[in-house]
Amino acid sequence: MLLHRTSIEDHNAALLAAHQRRLQYLRSEVPQVDDVLPLLTDLQIAIPSWALGTGGTRFGRFSGGGEPRSIAEKIEDVGLLHALNQSSGSISLHIPWDVPENHASIRSLAAQHGLRFDAVNSNTFQDQPGQQHSYKFGSLQHVDKAVRKQAIEHNIEVIRQGVELGSKALSVWLSDGSCFPGQLNFRKAFQNTLESLQEIYAALPADWKLWLEYKAFEPNFYSTTVADWGQSYLYVSKLGPKAFTLVDLGHHLPNANIEQIVSLLLMEGRLGGFHFNDSKYGDDDLTTGSIRPYQLFLIFNELVEGMDARHMNHAQDLGWMIDASHNVKDPLEDLLQSVEAIKLAYAQALIVDRKALAAAQANNDVVRAQEILQAAFRTDLRPLLAESRLRAGAALAPLQLFRELNVRQSLIKERGTTAVATGL
Amino acid sequence: MLLHRTSIEDHNAALLAAHQRRLQYLRSEVPQVDDVLPLLTDLQIAIPSWALGTGGTRFGRFSGGGEPRSIAEKIEDVGLLHALNQSSGSISLHIPWDVPENHASIRSLAAQHGLRFDAVNSNTFQDQPGQQHSYKFGSLQHVDKAVRKQAIEHNIEVIRQGVELGSKALSVWLSDGSCFPGQLNFRKAFQNTLESLQEIYAALPADWKLWLEYKAFEPNFYSTTVADWGQSYLYVSKLGPKAFTLVDLGHHLPNANIEQIVSLLLMEGRLGGFHFNDSKYGDDDLTTGSIRPYQLFLIFNELVEGMDARHMNHAQDLGWMIDASHNVKDPLEDLLQSVEAIKLAYAQALIVDRKALAAAQANNDVVRAQEILQAAFRTDLRPLLAESRLRAGAALAPLQLFRELNVRQSLIKERGTTAVATGL
Amino acid sequence: MLLHRTSIEDHNAALLAAHQRRLQYLRSEVPQVDDVLPLLTDLQIAIPSWALGTGGTRFGRFSGGGEPRSIAEKIEDVGLLHALNQSSGSISLHIPWDVPENHASIRSLAAQHGLRFDAVNSNTFQDQPGQQHSYKFGSLQHVDKAVRKQAIEHNIEVIRQGVELGSKALSVWLSDGSCFPGQLNFRKAFQNTLESLQEIYAALPADWKLWLEYKAFEPNFYSTTVADWGQSYLYVSKLGPKAFTLVDLGHHLPNANIEQIVSLLLMEGRLGGFHFNDSKYGDDDLTTGSIRPYQLFLIFNELVEGMDARHMNHAQDLGWMIDASHNVKDPLEDLLQSVEAIKLAYAQALIVDRKALAAAQANNDVVRAQEILQAAFRTDLRPLLAESRLRAGAALAPLQLFRELNVRQSLIKERGTTAVATGL
Amino acid sequence: MLLHRTSIEDHNAALLAAHQRRLQYLRSEVPQVDDVLPLLTDLQIAIPSWALGTGGTRFGRFSGGGEPRSIAEKIEDVGLLHALNQSSGSISLHIPWDVPENHASIRSLAAQHGLRFDAVNSNTFQDQPGQQHSYKFGSLQHVDKAVRKQAIEHNIEVIRQGVELGSKALSVWLSDGSCFPGQLNFRKAFQNTLESLQEIYAALPADWKLWLEYKAFEPNFYSTTVADWGQSYLYVSKLGPKAFTLVDLGHHLPNANIEQIVSLLLMEGRLGGFHFNDSKYGDDDLTTGSIRPYQLFLIFNELVEGMDARHMNHAQDLGWMIDASHNVKDPLEDLLQSVEAIKLAYAQALIVDRKALAAAQANNDVVRAQEILQAAFRTDLRPLLAESRLRAGAALAPLQLFRELNVRQSLIKERGTTAVATGL
């Protein structure tokens, strides 16, 4: 389904007056609004191809309808999101769920939607039909060299696919680990994994990055071989300058201070990027910002401060992606909510009075430091996000327009109620 | 130290124009603002007498200066807060840290500051000098009847003190529990505690309430005898209609859904009130709203919905109190921040579009339900709080005025740098 | 596959001398060994029909081979386990995964294996093909009465099936809850659920029990409508004397004191039984006793003390069942390990010196109380379990015999490598 | 109080026959018993000087009696423990709680008791009387260079004291961190801390080690500047080859896999040693092995495997120390229980069939790997520990002898009931 330019224009026209009133007020309250706007516009959040259909748990999955049946339809869905918010300008593919048959036509389709290809993702947490060796007991960590070899080759194949598409990063999440004490020799599992990663790293093109994600638990329930930021850091620092740690917000033990981890990885030059989502218990993969919006703001607060200190380009120098599971919501609506929450947190971080904050820190004025952060967080910056969209040609109220246009109903009509996106 | 009426007036005069511009904008965005104002004004948050000095941990305590040296000075401090925000109109005493020598004069002093006495708190988690039996192994749960008797009598004495002061509730927090497996017979500990509580309950005046607080752990590190809401509920439902559960936000296991607990206790008619604070790890006793402001809002969202469903008076029918420890902040500044955060969350809950929310719930429109809650939370309601203060004769910016007037410096001059408030 | 009587006899003959030496030593150390033996023999642990095949996570499933393809084969598998350990004398069916076509023949098959039918389990956490209403937004809690009705009728149908099989309990685990703030009105969800349960309760035969399981989270990740023991207690106490709480060891928030919960539920006469497993992070469904064996012992310590105080029959008066997921182990081997761990913990609890423990508690002798519990836990009671099996006609070393007889290989030959047990 | 040699001899004589019977049985079951004995005897667990008195929480402290009033009495208490179990052959001092006036006499006193001085501990988590700068906002991290300087000099002074006593390690635990978002710039706090540590490191004698402890939270409740093993690793790898990470079992987020951390730190050559204790919720500082004995065994399982792989001397090459708080038990009895639990876990790890385990791991035989670990853990090795003590001249049953000799009563008679050990 393609969104007509006029749909957005009509939608915006109807909301414009109210929007401008709000923006005007915001400008009077937050003088730096106009400095912030271009930064907001630039930040694009990649959409993972597997988040376009309904997700599930081990207990079941309750399908929605109109799910994309092919890479082409996945690109169309992301194109739709991007048309609505001009903030989702890339798609992250997952191999083997999304092996393109014709790279040229896929690239051309993406370009039509204004999309580029973000990191490509490998998969060694499942067995694929016809696969020679099983990953039941791990992949890059496996005690059997033949299994490791197979997993290494798969990752190299993913890089090859990514090169064809114009990706610049390989994202590696390993479920490798163990379910019971005694199952693994932790040291040997680490060393096998490191050696395997080294072979993959050697296959990276010169301008590529490798992002190594960590996760505390699930699907292994006793140990994970890349379990926390410290372990990911150990691997990437041994791999070389193109290797970085990827932070998924849901991959920590209870109560972890994620913003501190982010700050330290930035300091060490080892932060690669993010998988955004939110969670209350474990890797719940809920809509970003739906449970702990203040934590999200605090993370962006560290990012803005730390990236600026290293003279990094906010939009370009880290990977920004959503990784969520839409079990009870329309996936596209859910993604619109997540992107909005991410950019809201970013905007809040951008208006923090950094000079005053640094002064408060230098004086141990804890009360004042809190006031400064809360002032930014409590300011209603939704008009700023709307203005950023307006200028980029997107909708003032993307979710509202999505519903007004009956997008989901159109997709169901086109694709049916029973299609299941690959990987779900 | 007394705050001169003119200090507030001068302060407000200087900020008035900007305030009115903000309020006017808010009125244009949130039509129900004026309906909400009286409710906001009515809500008073009790200040615990022990939160007026610097707190500490088992590792140490870093004193501030100018701490209150007597009940009279504690009342003055709360009076000061109340003058600044007109939202802290009561004080909660702790016996034996605050045994008044002359009830009449203490009541009169409080009245001068516009304060009333909230719940009185008993203490059986410490031994007091000259006490016959030790609470090392518990108080109301103790295997020795003589110890239980002593603890019961202490609680009855606290009620007596409260009657003299005009309190209407006894707040019971028990540290009773065990540090090691085998130390206690859980069932007998429960039954001893219940019998003890029954004796205390029998001594309650007709118009009093008993609030029974629960806590997952600390200072006992294996079991606690009133450890969760379910256990508190068991006790209070056996005690009778004047017994209620008290919820301290920091007293739960990691990731607990506190707002659901609040909703169910309200449903059962057993919610007594709150000890507000915030925390990241355990009972951290941080400034309310400083870590998880969205959770605080969600709790108030349940409170408003649930109290309205039971036709309860928001301000009167539950106990509202802060229970925090100010280890690195000026205690009075910290309390001003907490009260602001509580009333902000309350205001956000009051502007939730309940009709739309009920409709979204009836349609399982999860996306819409989230939008409704987030819309309320993302709205900047600080001007509403300021207006509520203005009308009540308080300061538009209490914390700012506190600093402009050099209140702490005055208190230090008056009381010295080394005074330690009782109980700290 | 049937186990020949002689296989066990030969196996036992070879191990007998060593066993008797160990038992003789144990008798010299633990005089009450012979009193304990009949209790150990009596305790039977029900095997859930869904635990006979390989489990998985939302990320994938790595099949084993030889999984049962029908109820008949599931019964055969449990029969095999029971022949090996004489401790798994019942099977717990799950409807609709296990709808028997011919009750009489299924009962007769079970009887041939010495098995009875434990609690029957309903399923409203998945949609079944052809089902009219979806459980995407809950079942017994659903805002739509028609959905609730369907779920109620399913539960009543499960009771009917259970009656045909000779079951005496309905086990209800509800995944009902919500994934996002605002999705549910907690109070109405509770009340809908209660009304639904009341209708199901009304359909219980006079000699039946209803077990209501609680779970903190998953598959819902914001709230669960029967989330903790307190909530389950609220429901069952409103339902009536045939309703009880079921405790699954993996269904708690981090660090919960499960043994205290067990003790209090016993005290209130509301403990129904257990789903045994072990876990490190969430509902990991690992082999019982593989992660926290001391906690398992402490739970049995409360059970023995509490059941004896209420003059309950250990084997008959509670439900004892495993609920685990075998992702990386042979399911039958895993079940043998779980049953062994459960009975070991039970045996340890049985030899606790209760008189000495009560005396230590009465004197607050915490050190002594710990010594008493640890003495029982540190004693090697494996010979006692072996003796109990020997007397019952089971194998001295069930797991060893399972492997010696190449049971899995036989099952694979018989059933193939790709069969997937229903529900997996 | 000195323990007479004959007291132990009489005690052992009375228990000898039963002991020998148990040992003989154990030898028949576990052939490697005699290989293990010398290793067990060699392992000495250092006793911290601050664990000899009653501990407390921020809520209070319930004194016991007979607490040591001086370093000399602390040494006597450890001497007493060592006489009883010959396993506590060193004491770890804390400066400034234990500043010796006369090093020669203190060394001579220790030597009389067969004790050496383990790591010395610095303290910048409290302010001391007369101290120029406060550590309220941190020490080595502080924004003010003068405060950092003071803290650095304190650490260097601690090294100097340690040199006088014959210590060979400085143990650094920093409470540095923050209580609120915004309080700290994480990066600058890290860099300040690193620079401070570098100055301290530069002052280490050639044969000394620096152990850097990490802790997730408390007494700071938002961030800690050395919060997890990854952060400690970053510091020590930047410091140099004499810097190592110290693991305190209670300093992790919920559910952390400590044994994996231990394995990886060993692999990297950065594990310095341990502070042993146990916990259920946070840094509960309970008796080692009282809550999660299987986890303790799994940690020792990694230690034995990993140290052997690096050809390390178990007793010499890591620091072994208890760090606990005795709130409800007699401190000396508690320490006897902890030492017993530690050595029991060590013994269990020593009898693990490593060859079989390696084979099971190589075959992904998860069931077998679990059986091997559980077989070691379920074996009753108490007679082995007793034999190790017997050979070393200690008591067969130290705790029993402690009570028979009325040690505590003697200490109370000597020291009174109200003495409070320094630092408590």
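Here the chain labels run A, B, C and D in written order, and each chain numbers its own residues starting at 1.
As a convention for this text, a residue touches a chain if its C-beta (ideal position, glycine included) is under 8 Å from a C-beta of that chain, and two chains touch if they have at least 3 such contacts.
Here's who's who by UniProt: A, B, C, D = Sugar isomerase.
These figures come from a predicted structure and were not determined experimentally.
Student: Could you tell me which chains are in contact with subunit B (Sugar isomerase) and with subunit C (Sugar isomerase) alike?
Tutor: Per touch definition, common to subunit B (Sugar isomerase) and subunit C (Sugar isomerase): A, D.
Student: Could you quickly compare A-B and A-D and let me know which has more C-beta contacts?
Tutor: A-D
Student: If you average the CA atoms of subunit A (Sugar isomerase) and of subunit B (Sugar isomerase), how far apart do the two points sit, in angstrom?
Tutor: Centre separation, subunit A (Sugar isomerase) to subunit B (Sugar isomerase): 39 Å.
Student: So, what's the distance in Å between the C-alpha centres of subunit D (Sugar isomerase) and subunit A (Sugar isomerase)?
Tutor: 43
Student: Residues of subunit D (Sugar isomerase) that touch two or more other chains: which are they?
Tutor: 136-137, 178-181, 183, 216-217, 222, 254-255, 257, 280-281, 287, 290-291, 294, 328-329, 364, 366, 370, in rising order.
Student: Report the residues of subunit D (Sugar isomerase) in contact with subunit B (Sugar isomerase) in the complex, numbered from low to high.
Tutor: 55-60, 62, 125-127, 134-137, 175, 178-181, 183, 216-219, 221-222, 254, 279-282, 284-287, 290-291, 325, 327-329
Student: If you look only at subunit B (Sugar isomerase), which of its residues touch subunit A (Sugar isomerase) in the complex?
Tutor: Contact set of subunit B (Sugar isomerase) toward subunit A (Sugar isomerase): 21-22, 25, 28-29, 254-255, 257, 280-281, 287, 289-294, 328-330, 333-334, 337, 344, 364, 366-367, 370-371, 374, 377-380, 382, 399.
Student: What residues on subunit B (Sugar isomerase) touch subunit C (Sugar isomerase), complex-wise?
Tutor: Residues in contact with subunit C (Sugar isomerase): 136-137, 143, 178-188, 190-191, 216-217, 222-223, 227-231, 233-234, 252-257, 259-260, 263-264, 266-268, 294, 298, 301-302, 305-306, 309, 357-358, 360-362, 364, 366, 369-370, 372-373.
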